[in-house]
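You will see two complexes here that share chain A, one where it goes with chain B and one where it goes with chain C.
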Partner chain A sequence: MKTIKTAINNIDLRRFRFWLQLFFFALLMYGGYFAIDLGSRLPTFACAFNEAGRGGICYLFPLQHQLGVPSSRLFSWAGLAVLQGLLIFSLWFFALNKAWCGYACPLGTIQDWITALRNRLGIRYSRYSQGQFRQLSRIKYLLLALMILIPLGVGAALLPHEMGTPFCDICPARMVLPMFTGDFSQLTIDFSSKTTMIMTTLGLLITGLFFTGAFFKKRFFCFFCPMSALHYLLSKPALLKLKKDGNKCTSCGDCYRVCDMEIREIADEVNETNIMQDDCIMCLKCVAHCPEPDALKATFAGIPIFSSTEQGFIKRMHKGQKHEQQ
Partner chain B sequence: MNSSEADTYYLSRQAREAEATLEQLQDDFPDNPQAMQYFYDLFHRVYGQGEIIKHSGKLVGTTCIHAPEELIYAFGATPVRLCNGSYHYDQIGADFMPAKSCSLVKATLGSLQAKAAVPNTQSLDLIVNPTTCDQKTKASAMMSAMGYKVEDLELPPAKESEEARLYWQRSVRRLATRLRELTGNKLTRKKLQHAMARTSRAQTAFRTLHQLRKSAPTILLGKDAFLVTNAYFFDDIERWTAAVEQLNNELLQRQQDGFQAAQKRAPRILFTGSPPIFPNLKLPILIETSGGVVVADETCSANRMLYDMTAVDEWRLNDMVDSLADRYLKPCTCPIFTRNDDRQRRLLQLATDFKVDGVVYQAFSGCQVYEMEYRSIADALAERGLPMLYVETDYSPDDMGQLSTRIEAFLESIKTRKRQAL
Partner chain C sequence: MKRLCTFAPWLLAGLVWHGSLQANSLWWSESMPHTESSSTQHAHGGPVEIRRGIYHKNLWLRTGDSLAKGSYLDEASVDTSNAKIFLLDVKGEIKPLVAGKPHGAFGVNFAMPDEGFYNLYLISEQFSESTRMINIAKAEVLKHSCREGHDHVQALMSPRQHDELPLEIIRLRAPAENFHSATHFGDNVQFQLLHHGQPLAGASVTLYTAQGWRNTMETDANGKVSFMMIRDYYPPWSEFKRRHRQDYVVQAVHNVPADEHAATSAYQQTRYETTLNGSYYPSTRDYRSYGYGLLLGTFALSFTAVAVYVYRRRGQQRFKEVRFDEDN
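Right after this comes the complex of A and B.
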């Protein structure tokens, strides 16, 4: 038991993550070819528009549809369908918490690949200032609110019905992910009406921004993701948790240093034990880069599954140096 | 007296002081680890006989732990820590420093003023002076006036804010520019990586030693641990690391054999405050000759200097240099910063991890920041039921009698408490 634990805590997280992300990417992007269907309540960007290959569907797509039904129906039996959808979504989500972002999300994985490419080209990354960070961090809640309010408006016949899935229209996943199964048809402006024209143009612009942003900023899009906001609102009962023991923390800031999402609390907060913040993608890089035994750990249903250790830290740092020297 | 005779005189006085301490370290205690012989010999040679440690490239003196050594090594230069522990140099410093300055700063400046100082510092190419406490900050101009090239490494007075962090990162980058001018070398990714790997190997060895001291009963005395980390100030880093690794192996063997370096009931002491720097190891030695054992410390001549390690995400120059800057600022528990929550938490955690019975807090007279933090630390420890002895002292041997009485009484009271608890 102890040997297994040591082996896990000594794991080369970079490599482990690469392969697990690749697995999820294949499952969600190409699973459809193998008749895999995980349903349409997935808490991650398995894009519905990737029709041929999708192994499941991102919950935001049906959610907007469900909310967009005529109001009279929504507030009677259709409301139950929304609740049922939310329940299934929550169950998926509770299992992995935000690790859906750090390990499963195809759009997140693509951003990590872009980061790896930039790093290989020897170009430095950029960071936000703390002020910018705080402002940008709010956008995802705004997007979430709009994503719910606009379909409701459509249902109440206050907005044109072409705005039924407003977030999907502007989501970069809709344009980027189908390309991986050879479908480039989403990369067009839809001239059928004024609304679709505006929305698809916006979508194209955001996709362009996605590629440029992700090249210079690690996990650029995740700061704005309304799925991430929805996750956070539901994260209290999740089984996978990120824990911190502030007494063991030396405030060295190594965890903050490596955090793709620039979450300062991971290093500075010493009283709160449940340390996961709203921007967290649960990639667990912070745990891997913490040299203090048990200061940071991931737990599943209260059982520690991956803890920071001195030995693991030293091993990984050593490997990181060697890896880059080649 | 001509000048060469004067040199010999200074050398011999300071050599006598060093030899006296070494004699105590070696002879007053039985069963010293064999691997400690390397360190005893090293100090004999460097402090007693004035041997010059060979170094490559320019020699860069540092006056505080905040100067990133990896950066200095990466430019092909060699760092040497100038913080001095000699009473002899303390007296020289007193000639031109205010009476209320602390012994450490007086001795450091005294040694820079002295001819043929030991350890050898006469060929310094640059002094990196982090602007930590007021006395070290003001020492900058004095060192310049002595003819040294001084680079002030600007340290912020707080470390929590993002502004402070960014300011410090810029300071460190400016140091890199200065070192490039000095050495004529270019900083490359490979060189910095190599330097960081070397330092991290040294830190790993230190951490192993540190963890081994958790053993109860103890397998290594604190006086030896302090001597080991003091050697890091000037010794060749690779040779030092190899010597510590060897010591670790021996201690591991001791652990397996059930060896006891002190009595089983010896009060386990955590040492904090002003740093014991060779030859001024009087307080740790007093504690251990009086039947206590120093099992851990929170001082800038040992733990604070070597414990915290650097993490890097992307091994590119910009990320590596900023990571280094973070490591030299964020975890530092020096009392010069505005807040001291980190220091309190660190002490409490060390006390738990090392099963500590009591804390000895050394404050050099004149070190106002340590004096000011005394109360908050005492309160935090008292809340945990940990007794603390606060000792205000300096490098002079005059207070030895008084100190030994106080320490004996302190240790005795711990022993009584322990007996009563049983």
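Right after this comes the complex of A and C.
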């Protein structure tokens, strides 16, 4: 048991994460070709518009769809369907918590690949100032609120029907993910009405911004993702947790420096045990780069599954140096 | 099951086949006789009424020499004694239906509790001089709600037929068709004509659109015939609706000199006529542009890339030596 635990703590997280992300990418992007269907309540961007290959559907699409039904129906029996959807979504989410973002999200994986490309080209990445970070972090809550309120407005006949899935209209996943199965039909402007024209224009502008942003900034879009905001609102009862023992932390700042999401609290916070923040994607890079034994750890249902160790830190550092020398 | 109704005036006028939609052919229609009712909701498969969570479908019987001008029947013009209306449901069970007057016109209203396709048939029989006339109006309607999920869709996609019918048109499915699919301008739609459940080769099948276009094709050896849906929707751009639904009717007529299935041998020929209604929509090619889309996407990508480059260049302050004038 101790040997297994040591092996896990010494794992090459970079390589492990790469292969796990690739597995989820194949599952969610091409699973449909193998009759795999994980349902339409997934807590990650398995895009509904990737009709041919999708192995499941992102929950945000049916959620907007359900909220956009006429108000008289929504506040009667159809409301039960919304609650049922939320329940299934929560069950999926509770298993992996925000690791859905760090390991399963196809759009997140694409951003990591773009980051790897930039790294190979030797171009430096950008970081936000703390002021910028705080401002930008709020955008995802604004998008989440709009994503709920606009379909409700459609259901109440206050807004045009074409705005029934407003976030999907502007989400870069709608444009980017279907391209991996040869579907380029989302790269179009829809001129059939003013609303669709505005929404598809916004969608393509954001897609252009997504590629540039992801190139210069690690996990650029994740700062604005309303799915991340929804995750955080439900994260308290999740089984997978990120924990910190402040007494063992020396505030060296390694965890902050490796964090793609630039979460400062991971280094500064020494009182809270449950350290996960709303922007966290649970990639566990902070745990892998922490040299203090058990200062940071990931637990599943209270059982530690991956802890920071001195041995693991040194091993990964050596591998990192070899990788850089190559 | 044996309840019959007569459409005698309509059928008698339909005796002469002109090669175009006959003056009083019968077909089912999903379009409401009056302005849309607030009780009607749009779903995959067309308009429905939802009562206590169960989808209900209204279909009206129409007649006339064109789809656009086809009139709705009222109960006063219909003598209900010489035909039958029944439903072939998703489970393959046949259920008799009683016609009524939903929303003020002659038609039927039926519940669709299960997901899948329902076939509605009206069969009427009429005799005139030396001809026995069998008129079959068929409608195929879909019930689908995304709440039911999509795992079961492929198993329910195949069209069903009623082998006892003397003449039936079935719409064959496109290769990747599912419950969300719709027919658009430019699409090829394939039909198969069956005579007592067997493919009927060499028969003429005509497709009529609501705008008055028609096209006649002959069935191949497998009884199949294919039509390309014509683009016949040209409103001013400000009035264009991408969900504009256009109706079509496919009609086939088959005459046989003697019919072994006829109850009487006093007639020299039996004339079978069948109709199947459907709908189609504008093509995405009519209102979506790749050119503008790619232009905008490329512009956003290039603009932000240049902006980041310029921002970084401005951040790199060149070293400036500060010199003091030692004389002062």
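Some notes on this structure:
Here is the rule we go by: the second predicted complex is superposed on the first by the 326 of 326 C-alpha atoms of A that agree within 3 Å, B and C clash if a C-alpha of one lies under 4 Å from a C-alpha of the other, contacts with A are read in each partner's own complex, and residues count from 1 in each chain.
Heads up, the rule we're going with is that contacts are C-beta pairs under 8 Å (C-beta built on N, C-alpha and C of every residue); 3 or more make two chains touch, one makes a residue touch a chain.
All figures in this text were calculated on a predicted structure; none of them were measured in a lab.
Look at chain A after the overlay: chain B and chain C fit there side by side. Using the contact criterion defined above for the overlaid structures, shared-chain residue A:254 touches chain B, although it does not reach chain C.
Touch criterion not met for A:109: it reaches neither chain B nor chain C.
When the two structures are aligned on the shared chain, A:317 is found in touch with chain B, with no touch to chain C. Looking at the shared chain after the overlay, A:77 reaches chain C, while chain B stays out of its contact range. By the touch criterion defined above, A:200 reaches chain C but does not reach chain B. When the two structures are aligned on the shared chain, A:44 is found in touch with neither chain B nor chain C.
In the superposed pair of complexes, A:270 makes contact with chain B only, with no contact to chain C. After overlaying the two complexes on the shared chain, residue contacts for A:125 are found with chain B alone; chain C is out of touch. Between the Cα centres of chain B and chain C, as seen from that of chain A, there is an angle of 170°, stated in steps of 10.
Here the smallest spacing between CA atoms of chain B and those of chain C, following superposition, is 11 Å.
By the touch criterion stated above, chain A contacts chain B in their complex at residues 119, 122, 124-125, 129-130, 246-258, 264, 267-268, 270, 285, 289, 291, 310, 313-314, 317-318, 320-321, 323-325. For chain A in complex with chain C, the residues that touch the partner chain are 37, 39-40, 52, 62, 65, 70, 73, 77, 81, 126, 175, 184-185, 187-193, 196, 200-201, 204-209, 211-213, 215-216.
On the side of chain C, the complex with chain A involves touching residues 41, 50, 52-53, 146-147, 149-151, 176, 240-242, 282, 284, 287-290, 292-294, 296-305, 308. Interface residues of chain B facing chain A in the complex, by the touch rule stated above, are 160, 162, 189-190, 193, 196-197, 200, 204, 207, 211, 307-316, 318-319, 322-323, 326-327, 330-331, 341-342, 345-346, 348-349, 352.
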